[in-house]
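Below you'll find the structures, each written out as structure tokens.
In the two assemblies presented below, subunit A is common to both, partnered first by subunit B and then by subunit C.
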Partner chain A sequence: MSHYIIRRLLQMLVAFVGTTFIVYALMFKIAGDPLQALAGEKPLSPSQRIQLTEQYHLDRPFIIQYGFYMKGLATGNLGRTIAGRPIADVLAEAWPRTIELALLSITIVIVLGIPAGVLAGMWRGGAFDTITLTLSLIVIGIPIFVLGTVSQTLFAVRLGWFRPSYAPELGVAAYILPSIVLGLLSLATAVRLTRTAVAENLKADYVRTALSKGLTRRRIVGIHVLRNSLIPVITFLGTELGALMMGAVVTEGIFNIPGIGGRLFQGIRLEDGPLVVSIVTILVLIYLVTNLLVDILYAVLDPRIRHE
Partner chain B sequence: MSEPREANGSTVPEAQTGPDGHVAIAAEAFPAAITARSLSDDAWDDLRRSPVFWISITIAVLMMMIAVAPQWFSAVNARTAECSLRDSLAGPSSGHWFGFDKQGCDVFARTIYGARASVLVGVASMVLSGVVALVIGLLAGFYGGWVDAVFARFTDIVLGLPLLLGTVVVARALAARELGIWPVVLALGLLGWPPAARVIRSSVITARQQDYVQAARVLGAGNARLMLRHILPNAIAPTIVVLVISLGIFISAEATLSFLGVGARNTISWGADIAEAQRWIRQASHPLLFPAGFLSLTVLAFIMLGDAVREAFDPRLR
Partner chain C sequence: MRSSFSPDRIRRPRVFAGAARAALLTGLILGATCGGSRSPSSPDAGLIVSIGIGEPKHLIPSSTTESNGSDVLNALFAPLVTYDAQFRPVELAAESITSPDNRVWTIRLRPGWTFHNGEPVTSESYINAWNAGAYGPNAHDANGYFDKIQGYKDLNPADAKTPPSAKKLSGLTKKDDLTFEVTLDQPYVNFKSFLGFPALMPLPLAAFADLASNKIAPAYAQAPIGQGPFKMKGTWQHDQIIETERFASYAGPEKPRVAGVSFKIYQQLTTQYQDLLAGQLDVVQHMPVENLSTAKSDLGDRFRQSPSSVIQILAFPTFDKHYSRLEVRKAISMAIDRDEISRAIFLGAEQPHRSFVSPLVPGYRANTCGEACEFNPAKAKALFDSVGGAAAVGGRIEIAYNVDGGHKAWVDATCNQLRRNLGVDCVGNPQPKFAELLIKLETKQPVGAFRMGWIFDYPVIENYLGPLYSTHGSSNYYGYSNPQFDKLLADGDKAPTLEASLAFYGRAEDLLARDLPVLPLRLMLNSYAHSTRVTNVLMDLFNRTELLKLEPANPTR
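Take a look at the complex of A and B:
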């Protein structure tokens, strides 16, 4: 097991260095003038130019710039936004909102998705199965920003069931509509995954054995099939937690939630290069770490993986 | 040389000996039921009967036509039309089915003319990512060993950068250069290939071990010939499926980028129109709903098309 973890950790390290290098190179090399890339089309005052050149060591060779950036990342020094606020402060303020949103989303996915998937898998080919399959395919096909803007229009503006934009005084209730929008795509995928796993496991030999031993169908599905079917679903949900952070960029932007995603959304619109690079790097890091944790969890749950 | 006719003539009624001494068996000797049917014949049979296939391919072709020739579908040219603020946010009417947006532009015309950006970016990114995926998948699957390992690590790195985040960075960095849709195409194409490459790699590995490939190798076929003539044709069906689905995903990604404000500038696009309309939803929702509907329909059509073709080609689902 420890061999497996060490190997995966090293692979992740390579991937992290590679991806951050690509992000950094794309940001600063591809545009020709790195200052332009940082500030977009806004005119920069001479003092801002000097400040940005200094902050990103733009007068040094590229590989050294990247080194300084990684050092800053490791020590928590992320530089300042174009407006001059320390990026670490912006992020510290935004984190809790994104975590609350993502946790509520994943809860919705688990509570609705797994039972729906189990039922669809048990009644494969039936009406419930056909309806969930069709609905989930439609949800997979609709871009998340369309889901967000349309449900904001429909449920918040037209019907008035929710507030169209984030209202902190409502507490968790403020996240209900955004978290459903954010979680719908994962919900659709989770339902399909659970359905396939349950349907396949129901054909397994151990189910026939359990049946001939006289166990009830409820017990077979609830204990034996579910436990075996949930392995791929759990790993999917783990990876999805990282992916939800990306979906949060659009969802938080639409509903004006001042979380990490909302900040990135604003950063893009306000052409705040330093903020965009920092948030993208951190989101990439989160994505890689969740993937690593999920891989380890997978190996714990399924011994076949670690002995491969 | 023994006479093959003596050996076979009695069991197979209409066997003939060809000029090179091989036994050629006339097709009529067998009942029609066992005539050779390829997997693609079966798949086509399945597809022809699938309503999902016909609906999705109709929508997909229609959207392609709208993208190529928007003037056939809209009397108003959205690129040159004068918008009048007098019409701002006016609702649908008989002359203007989708109503007007905040600037007083005809929403129907803008929706029709907005198809081009989405479809063009989708197709171009699919071609670019398809070429990258084909080269990487083919080489990694065919050679295996260290070539495969190197490509696997490389794929990990690209996969570590979520499509949307990576394209935001690239498209943003290039936005100031006025390159139109190409930064987005480049970003989607260069970051969107891993799923297709994985599919191609695994079908190449399956094909590589087949007897006919070994036979071709024994007969002296070189690696390039093996890959292009013998392995690739057998890996093409899953590749087409994954590319059609990726077309839907790229169209969705293009619209999302325009929505975020990093898409092509000075281009009419569904994403940008939806972003603009979202600012005024408290006053009117039709400028948002129509482009959103067209976009969703297009993405859905390609994803369903890919799904239908995959089901037809997957013998396990029969």
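Take a look at the complex of A and C:
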């Protein structure tokens, strides 16, 4: 097992260096004049030029610049945004909001998605199954910014049930509408996954055995089928938590949540290279770590994988 | 040029398909929701007006050159001058601003002004602030604006790696507690108008960590102390809100009529508009383009428009020989139906414009472009064919634009008109960012003609003519160079009076109409909207809310 984990960690390291290198190159190398890209449309004064050049080591070869960045990252020094705020401060403020949003979202997915999937799987082809199938297909087919804007207009502006934008004084309640919007796609997928797994497992031999032994249908589904059906769903949800944080770019923009997605959105718009690189780096890390955890989980559940 | 909103667009046809479904799902958890509180509108002197902005870059005056920071400074500070209905400077924090020769200016402050922390405002408050702004190593964003003051070069050595030879501008001298003298390198007739620029606000001693070396305290940047009508309540809550309250000892002639102003920070204009509709925001200073068509029916007379100083032009790089002939540029200009584009694409939010400067400056004359900006397809075609037609422009016309500014629609429409009226192929040439377009222009890559916008820093005609059209103009990206024009501009700057300068500037603008280095296309209008809680919402020349005019709304019943 430890052999397997070490191998995965090494792969992760390669993936991490590779992705951050690409992102760094995209932000700092591809733009013709990185200084002008850093400054946007305004002409730069010579002193600003010098300051930026020194800050990002732009007078050194590109690979050295990247080396400096990685060194800063390793020592916890993320540098400053274009406006001069320490990036670590910006991230420390923004992360909790995105995490709250993503956790609430995943909770909604679990609380609504799994029961709906189980019901649909138990009565495959029934009315409930057909309805959830239709709804899931609609959700999967509509881009998230349309979902976000429409629900904002309908539930916040027209009906007044929510605030159209993030209101910190409301606490967790401020995240309800955005987290639903953010989680809808995962919700649809979770319903489909659970439904398929439950439907498959209901046809398995152990269910027939249990039935013939006289167990109630409620107990069969609740204890045996559900447990077996949840394995794919849980691995899906594990990776989905990382994906949700990235999906937050659009949702946080629409609902004005000052979280990590909002910062990324703003960073790209203002061409704030250092901020964008830092956020993307952390998102890459999260994605890699969740993937690693899921892979390890797989290995624990299925010995065939770790003996590969 | 800094104004480029990039609104995200909604695909309308799909909107309704989503609404029905979302209703079903949210119905399940309604028990947990909170109502959006809609406070009934009643007259209220304790009213805090909320205004939507984007996250400011800085709140230190000499580092504030963008609109969001400027909006906040407008509450916290009062400038030396403001502008009358003819856009001429009038003293506000200054008592008098005089000069015998337009080179040495004596600024006398009104007595009795204090900062929010109780510190008196003195001539040193200005001298200290301007020294810090001009000091190269501080790298403040507005550094370049101080370049007219004597001694600027000593604070900003050409090789920025060498430390500056001086820490203070030699052109600033204290006369007494309320009087100081500013010496410029060259006479500049518009200096008084320049003094209304937001970067020129005074700083209290509390702003400095180390006065001798021009160092601003980091804490000051998070909660600036000014001498304006409103003072900070708490600190800048990044990406969320900046709250201010009425400053009781504000010494200006006009006092605020509301208890405070909160600047709510938004990532997108569309969210501001949604908040306004839901009663969560009082003023949307810039309406999102996608809501313009419905705003009138949504809001009635709470949707308003104000003039802005933003002009949109089409420029021709001088290094591109396809556009080097005047006839070609003139034919293109006359083949563009500006009225139709304003009506059909901008729904009136941008108006046709036929001068090289905006109407918000003294010395503006309508239609200086003359015949060249009149829509006359027959004459345009004849002119175009007389110099070789499509062959003259290398087979087709290209119009470069930045895709993040919402320019595709009108560029395509312009191309359609050129195709129809000149019989020449025309395509848009999208560039990811304006900055990238600039890099291509600098390296003389053929991008075709390109779009550009310009917003003034202060209401002076020279603020268009100088940066845009003079040989060494900071934003003359197309390389127009006419010694006669440069001479007239310099003569205007040196003229003894504003009136005399306008004659020179006017003749300079006439040269532009003759040479057509760029084509004036449109003038932007600023569309804004407000809630029912507040009334008398007006915008100033810089498209900022006139905070001192704001009043709580009267009861409607």
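Assume the second predicted complex is superposed on the first by the 295 of 308 C-alpha atoms of A that agree within 3 Å, B and C clash if a C-alpha of one lies under 4 Å from a C-alpha of the other, contacts with A are read in each partner's own complex, and residues count from 1 in each chain.
FYI, contacts are C-beta pairs under 8 Å (C-beta built on N, C-alpha and C of every residue); 3 or more make two chains touch, one makes a residue touch a chain.
Predicted model, so just to flag it, every value in this text is computed and none were measured.
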Practice task
With everything superposed onto subunit A, say whether subunit B and subunit C fit together or clash.
Solution key: clash
Exercise for the section: Give one of first, second, both or neither to describe whether A:164 is in contact with subunit B, with subunit C, with both, or with none. Expected result: both
Problem - Touching partner for A:27 - first (subunit B), second (subunit C), both, neither - result: first
Exercise for the section: Please work out whether A:175 is in contact with subunit B alone, subunit C alone, both, or neither, and reply first, second, both or neither. Expected result: neither
Practice task
Applying the touch criterion given at the start, work out whether A:84 contacts subunit B, subunit C, both or neither, answering first, second, both or neither.
Solution key: second
Practice task
Count the residues of subunit A touched by subunit B and by subunit C, then name the partner with the higher count.
Solution key: C
Exercise for the section: Quick one: classify A:50 as touching subunit B (first), subunit C (second), both or neither. Expected result: second
Practice task
In the overlay, answer first, second, both or neither for which of subunit B and subunit C A:150 touches.
Solution key: both
Exercise for the section: Have a look at where A:69 lands relative to subunit B and subunit C in the superposition and call it first, second, both or neither. Expected result: neither
Practice task
Using the superposition on chain A described above, determine whether A:142 touches subunit B (first), subunit C (second), both, or neither.
Solution key: both
Handout entry: Touching partner for A:11 - first (subunit B), second (subunit C), both, neither
Key = first
Fill in the blank from the handout: Footprint intersection on subunit A (subunit B / subunit C) at 31-32, 36-37, 40-41, 138, 142-143, 145-146, 149-150, 152-154, 157, 164, 253-254, 265, 269, 271
Fill in the blank from the handout: Residue set of subunit A touching subunit B in the complex reads 11, 14-16, 18-19, 22-23, 26-28, 30-32, 36-37, 40-41, 137-138, 140-146, 149-150, 152-154, 157-158, 164, 243, 246, 249-250, 253-254, 264-265, 268-269, 271, 273, 276-277, 280, 283-284, 287-288, 291
Practice task
Over in the complex, which subunit A residues touch subunit C? Could you list them?
Solution key: 31-33, 36-37, 39-43, 45-51, 82-85, 90, 93-94, 108, 112, 135, 138-139, 142-143, 145-147, 149-157, 160-165, 167-168, 170, 173, 176-177, 180, 184, 187, 252-256, 258, 262-263, 265-266, 269, 271
Completion exercise
Residue set of subunit B touching subunit A in the complex reads 153-154, 156-162, 164-166, 168-170, 172-177, 248, 252, 255-256, 259-262, 271, 274, 277-278, 281-282, 285, 288-289, 292, 295-296, 299-300, 303-304, 307
Practice task
Spell out the residues on subunit C that touch subunit A in their complex, using ranges where they run on.
Solution key: 1-2, 4, 6, 8, 10-11, 14-15, 17-19, 21-26, 28-30, 32-36, 38, 55, 57-58, 65, 136-139, 141, 143-144, 156, 158-161, 238-240, 264-268, 270-271, 274-275, 277-278, 280, 404, 433-436, 438-440, 443, 474-475
